[in-house]
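Just so it is clear, A, B, C and D label the chains in written order, and each chain counts residues from 1 on its own.
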């Protein structure tokens, strides 16, 4: 994949997890998930809606900040993206702090909508570009939202995939853990073991490479998707695709 | 009160129960309470708001049908008007039916907001132009909203006065009943006894006559108030005051 | 995403027999055009939800035998008096009544809008409204001592039916300050609408228009219907047809008169011309 | 009823020490002009409520020692990174944190708006957000078996502070599609606002404008403040002052640098000129 960028690989890979959905929502500070959603929409034959927080063109809400959560609570949102300062092997995510909550070593912004959306959106894709033992840990220091819940807890949603700069994990809901699904070109299974702080399952047989986008997909990403995403993330679009105004 | 109409007497009498309030709301089909609220506002030195259901000029809500109830629930509404097909001596009101609820002899529109507003609006003024044993009964056939509640029930609001075409009752919250406050000019205490289906308390000493509006008040009613109310109730304004377009 | 655009008769098929249908009151945006289509196809067993009250639309559907259940704070024809077919049906116990109070309907719809299973509401305790509603419960306020409060289950209509002044080709519907229609659309599984006009462009592009627009996300299908609220009016559009409504009320006092009204103004194609 | 019109400094007196203040996030309508007035009068012990998150405004108030409690789903400077004075204060445990998740804040404000004492919400169970919130409870859904759900008490701010593009002399405030500000105004005991312009006429007279307007009923006082959101922007108005914000973030990395920023841009009257 000499001439395919990591960003393009990720956009293509995420988009293939969105095809066929009716409504994909993307939170703040998420250029790659945003581009992936726009790519999926472009091949949906006008049957997918994409809402992107912070976008003027892709924001069709008219009932204030609560509407996106109401929509999710009602089952009108099929996929969403979450990240974590820490993510652990039970798919718990931490967006709050490292160390003691009351006197932390590090403090991050906060949990945003994760304490709700992770429970109700059927297909939550975890996205973390720093794949190290610092970020993918055995146990998070603060649970902004748990990966799994007790049987009696209302939980129509939850984790679906975890994608990093090194690989793609799928979620095993029965065993409540991650399973390595594919390794990005240029990376190895050994490296994944070394850099991951939690244990994870292996697939049967060989671990495949994450598929690279085909020529049509690549053209779509570099053309219309790059153009659309530049409305919201001009610096990203300029850096990765060389399009749009720089921020 | 040869030259003062019953409507004008009622408007003046109701308005004197609204002076000093911040927000008076008036429901549908209530021209006399509406005019009374407008009269009270006209002498409030711009410190009273009046909202009238069905008015364009006096409707400042922008959050749909629920807002008026939310406002009341939050304590932002000081007075409201309710009526009843039946009203009984415990100030219970019935807007639903006469006879068995499941197979009634008569059915009316329904309870509207009474099952809520009667509980939360501090000063609910009951208004019924037909003062007979048919309407003012010993016990209502259906309680759309009770006059009083048990001690542990949240009840910041409730009945304040009952005004009819014959007299004005005040509410005794301790004894949970009505007390005759004044009799409209031309009517007698005996007549009130004969025409009222519930027992009520009498004031100490003589029963006064309901005060008639003074000249200034009358001029306000017949001038600006008549003009304003004709926006919402053109037929009423034309019939009573001879102003505005007829419906 | 482009809206699904249908004829009024096709639109009415989105209200199948037995559906829970949310309807606005007469002074809001009512689709009488679709009401007639429902009567024409002899819809059955509808569960009407007045948000929070209903008028002519409900009276016609009840009189025509389309309705099994009426859940509302009131059915009223306002200055035209009591609703004659509604009143007759209640007296004959031919419909099931679920009497409510206005804010209970709004609150229960808000619960549905939020995807929460219930919502508490003040008031109601000690009323016969509550006594007759087996689906409502009294519970405790968990944040206080001895503070009973009513718990309302979320109210999720199968479909909201409205008639709006404007829509665009994306299915966005402008309702201005009539935000109870926004709540109804959010709370219902589907929303269908007849509209006076389907405009060029996107109602979301102008922030002033956008502020009063139901997003197409909630809208299953729309149909253009000029004067689709007739014989009642729509705010900011046209006035009610006063003489027609008087005629309705007069005819609807008896079952025979009502059916004669239906023959003349619903079943006859002449009805279209009358509009 | 005419609105009470004040200077920005007078407006800030409606946020007394110890007040619960609801604030919007940076991308909405924030009154940085009033923020500076609060810092100048050395406000103390404020309880900030982010609806649902906060940014520069909170970071400045926290750094200036005005804040005792922060109740929010996040404090973020978005592309400018973590909020430095917020982060330092949490690490030093000099503020009390009440971490939340966005929809819990919206829902708890809706409870206040409706005058209900609590509202249920899905999610949260099993999270440390819930574990740390002694004021939230887990209870049963009374309409189901073994279905635990979180009960949130109504959240009633003493005052909402915002900066809006337009108001009129009646205190009506236009906020367009930013309806979280409408919710905040409804839910709070008082609302105060700086505005870019106070227009002639009544915003309620045009139904399109009315649909995006907070009624003056909820508004205690307004103050005109041109560019009152500076150095952040307001949607549809002006952009954020990018170089100034970068400068803030750089200076605010240390307590000394932050206080130098305050001297230069808040306490100095030169600040006014800089706007």
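Observations, loosely collected:
Please note the rule applied: a residue touches a chain if its C-beta (ideal position, glycine included) is under 8 Å from a C-beta of that chain, and two chains touch if they have at least 3 such contacts.
Owing to the predicted nature of the structure, the values given are computational and were not obtained by experimental measurement.
Taking each chain's centre as the mean of its C-alpha atoms, the one that lies farthest from the centre of chain C is A.
Interface comparison, A-C versus A-D: the higher count of C-beta contacts falls to A-D. Between chain A and chain B the centroid-to-centroid distance comes to 59 Å (mean Cα coordinates, whole Å). Averaged Cα coordinates give chain A a centre that lies 41 Å from the centre of chain C. Distance from the chain A centre to the chain D centre is 29 Å, each centre being the mean of its Cα atoms.
Chain geometry summary: the mean Cα position of chain C and that of chain D are 37 Å apart.
Residue positions 61-63, 66, 69-70, 73, 120 of chain B are each in touch with at least two other chains. Chain D has residues 107, 110, 114-116, 121-122, 147, 149, 177, 179, 182, 210-212 in contact with two or more other chains.
This structure has the following touching chain pairs: A-C, A-D, B-C, B-D, C-D.
Looking at the complex, you find that chain D touches chain C at residues 107, 110, 114-122, 137, 139, 141-144, 147, 149, 151, 153, 176-177, 179, 207-212, 236. Across the interface of their complex, chain A is touched by residues 1-2, 112-116, 172, 182, 186, 204, 210-218 of chain C.
Residues 27, 51-53, 72-76, 78-79, 82-83, 86-87, 90-91, 93, 99-104, 106-107, 110, 121-130, 132, 146-149, 177-183 of chain C touch chain B in their complex.
By the touch criterion given at the top, residues 28-29, 54, 61-66, 69-70, 73, 95-97, 101-120, 142-146, 149-150, 152-154, 235, 247 of chain A touch chain D in their complex.
The touching residues of chain B, when paired with chain D in their complex, are 23, 46-49, 60-63, 66-67, 69-76, 120.
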